[in-house]
Amino acid sequence: DLPLVIIAGPCQLEDRDHALMMSEAIREIGRRLDVPVIYKTSYDKANRTSLKGRRGLGLEKSLAIFDEIRRDIGLPVLTDVHSEAQCAEVAPHVDVLQIPAFLCRQTDLLLAAGETGCAINVKKGQFLAPWDMVNVVDKIRSTGNGNVSVCERGASFGYNTLVTDFRSLPIMAEQTGCPVVFDATHSVQQPGGQGGSSGGDRRFVPCLARAAAAVGVAAIFMETHQDPDHAPSDGPNMVPLDQLEGLIATLKRFDGLAKSL
Amino acid sequence: DLPLVIIAGPCQLEDRDHALMMSEAIREIGRRLDVPVIYKTSYDKANRTSLKGRRGLGLEKSLAIFDEIRRDIGLPVLTDVHSEAQCAEVAPHVDVLQIPAFLCRQTDLLLAAGETGCAINVKKGQFLAPWDMVNVVDKIRSTGNGNVSVCERGASFGYNTLVTDFRSLPIMAEQTGCPVVFDATHSVQQPGGQGGSSGGDRRFVPCLARAAAAVGVAAIFMETHQDPDHAPSDGPNMVPLDQLEGLIATLKRFDGLAKSL
Amino acid sequence: DLPLVIIAGPCQLEDRDHALMMSEAIREIGRRLDVPVIYKTSYDKANRTSLKGRRGLGLEKSLAIFDEIRRDIGLPVLTDVHSEAQCAEVAPHVDVLQIPAFLCRQTDLLLAAGETGCAINVKKGQFLAPWDMVNVVDKIRSTGNGNVSVCERGASFGYNTLVTDFRSLPIMAEQTGCPVVFDATHSVQQPGGQGGSSGGDRRFVPCLARAAAAVGVAAIFMETHQDPDHAPSDGPNMVPLDQLEGLIATLKRFDGLAKSL
Amino acid sequence: DLPLVIIAGPCQLEDRDHALMMSEAIREIGRRLDVPVIYKTSYDKANRTSLKGRRGLGLEKSLAIFDEIRRDIGLPVLTDVHSEAQCAEVAPHVDVLQIPAFLCRQTDLLLAAGETGCAINVKKGQFLAPWDMVNVVDKIRSTGNGNVSVCERGASFGYNTLVTDFRSLPIMAEQTGCPVVFDATHSVQQPGGQGGSSGGDRRFVPCLARAAAAVGVAAIFMETHQDPDHAPSDGPNMVPLDQLEGLIATLKRFDGLAKSL
């Protein structure tokens, strides 16, 4: 029942200046609200809906920027990995390795991530039941790495739609024993919903995030951008940066109430 | 943004003594917590999974008991109706007529209920999208009766399973303009999940009810029983009466926070 | 393993002339193809999406037209009933009483239909699993009426979408022992998909109907209209009358193959 | 409208003797029925539900066996790849590279597979709509490789359950212009349905395969094993080898009818 952690950042690492601007802004929000913050950023969007979607700055150029954010901005960094080889290369430069939802059953990736000793946040696949995550976590733990969190980001519900089953939060907590993260922005995604890219509806982020805080979670994950309508990916579901502070303040209050009971 | 109302009671009207015992106990909880309470009871379970399921005391015997609860216990009463003819007969004896989820598109039932002038709580069918409820509400309003609330009670999610999409609460509120009720016990039902009867998992009632209160609703509906494991219907998902007060106290706090923001 | 029966007709009984024109055209198709045909028509669409949708000619005016179709056109007639009272009134004028999907768990309706002694076709609710139909059939059989068929018409799949699980055909056949009907036109419905009315995509009717015939069914149900785009209900999913004969000819061949194996 | 191709083989390459026995038996079935056959086998099951599941013989040992099956048994070979690096290594030893469903949006894997020039069979993710496959195919085609087929293997339907939407076959054919394959054995899988492994129900394989042949497909994919109940993976849904010939004979007849219309 530790206080709520916020994992926030833009969907992709666009360039160094943008990363420093965003991470500094998010750090200041965390300071003002006295909420621990982890900076989320992706060096590569490896599974864009279409080939035309921008993928991010790439691995080589990003690692130095991760170092800079950790050292100069002072925020821990979370990023996602997509292959076994990337795990060992990326781990020294981040605080949390994240396993993408589509890849959450790829055994070798889970093992390679686990073997880095880094903290791991693994997203529940849109095609998995909450109780299926026990097997996913056990794969990582088999490496001796017990520093694992599990993340709800919506389940397939018909076509191009996700639904969040909030029962999954206590089920995953109880069955895996891991801290549970709720990804409030991908949960409002409409996968492939715009033909060549994913849609979403950011208006529902506060609704789902409040619900998660009231149920009780270790962390809430939200992508944010200073100009979501022009962001290179996931714009429809990102929280505008200028609304982030108010939302986190609200979530902190729900978290405080939930954990006081 | 009125304070949270609780709609609570056993799934069915078993007999007069039971009804008086339950309604008095629920009234006292409401008084102690200063929470407005409506007593829910059903004179007939018209759509039991199997013919062997008990259906309740029946219409004729129940009306006098409804009167007694209203007059002597002092609680408003909500009950569900299943045919046009029942609406006018039942309305004088209750405060709220409820339209069951399976029947929420039966035009004549909606019109007959509306024409009584009674308050109407209409449950969203497990087969409907939240935005579909506009048409349902418009049918009732066409009678000149604007005293309508809409109720989320889960959406079909594969077989024998429901999922609650909490986006439906703000969507229904915005699109219908009606107060929104969340039915926390039927939402954890597993329809037909026990072969000859429905299953459910009452452990998740507090989880979903807290989520609903944090999102913001007018009322939370919960079935309760002093001995759910021996109740004639919906036992697996009813809240034990001795846990009801603690749960409502929690929900009141989430509601207070949600409505203070 | 009797040869395939076709249940066909317009969604609603629009007027006497239309009914006689449609039933005669369908009778001729059946004669030319040597396929037994049952004429489907509805005197009342009791659960239209919106109040503005036309509901049909009404019960009183329709019964004489049913008689005329049976006597003069020579086709058996199937129609749906929506309340207990309608069952006994309608039964003498038709060959098959149909229970609508939304009403398939309304015990009193099932019993009243069963008690007429008429053949009953009961549609599986969009919210039911195939194995749940055993309980539905048992309710009807409790009246001593064993002349029951069960009908697949799609299961809820996210919002405003149905999916046909073809495993349901053998499951229902085995578990209920009843003839199984496949409703090929409602299975392509998009419930509520046009806001104030249901959408659908008739292009997929032949695809699903062929699949059903190959799996093996007793009957295929298809709504048809000489001008679906101007029909008062279910236009998007009805088969144009001028395509019906070709489609039935195809289905007869798949049925012949399926039942020869 | 070429005649139906069958893709068949055991879920995993267990050892050389087993592979030769199975491929020879399948070749003989194909010869007797005059049906073109592709041998399916996997050197690595990279996404088993649990770490305890056996994964297959491994890449290095398998390539020589693939060569032997192609050269000595005379069957084309299909296998699945899980990383960019594997594509170029495996391609010279097989006729078809298969992209697993969970990986169907991993851009780099699709590009690496495409660049081999090998034929590609890409499975539709359980979390994708049929129309989403256009973007998947376009990624592969961007490499100049147009030899792509798309494969339906079920869509997520609640938890631990898949449903086959047969509308996806014509939708994918029309929108991608690719030959469409139906995977009849994974479509009856119950993912994670046995806790530490996936369940399934092979009784429904013929039902779904017949439906697919009647709708019209280029190929049907079925895993088969001489003793499915003791197979190291996917046993619950594999077709027993001694039932395969009868099933293919049936499917050939449905395919012949479908393509004659």
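Think of it as A, B, C and D in the order they're written, each chain with its own count starting at 1.
FYI, a contact is a pair of C-beta atoms (placed from the backbone, for glycine too) under 8 Å apart; a residue touches a chain by one contact, two chains touch by 3 or more.
Please read these numbers as outputs of a predicted model, since none were measured by experiment.
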Chain pair with more C-beta contacts, A-D versus A-C: A-D
Reference interface B-C: repeating pair among C-D, A-D or A-B with over half of contacts shared: A-D
Distance between the centres, which are taken as Cα means, of subunit B and subunit A, whole angstrom: 36
Where subunit A and subunit C are represented by their mean Cα positions, the distance between them in whole Å: 48
Whole-Å gap between the CA centroids of subunit A and subunit D: 33
Two or more partner chains touched - positions in subunit D: 155, 157, 159, 163
Partner subunit D, residues of subunit B touching it in the complex: 157-159, 161, 163
Of subunit C, residues touching subunit D in the complex: 155, 157, 163-167, 169-170, 188, 201, 203-204, 207-208, 210-215, 250, 253-254, 257-258, 261
Interface residues, subunit A side, partner subunit D - complex: 46-51, 55, 82-84, 102-103, 105-108, 125-129, 131-132, 135, 138-139, 142, 155-156, 159-160, 191-192, 196
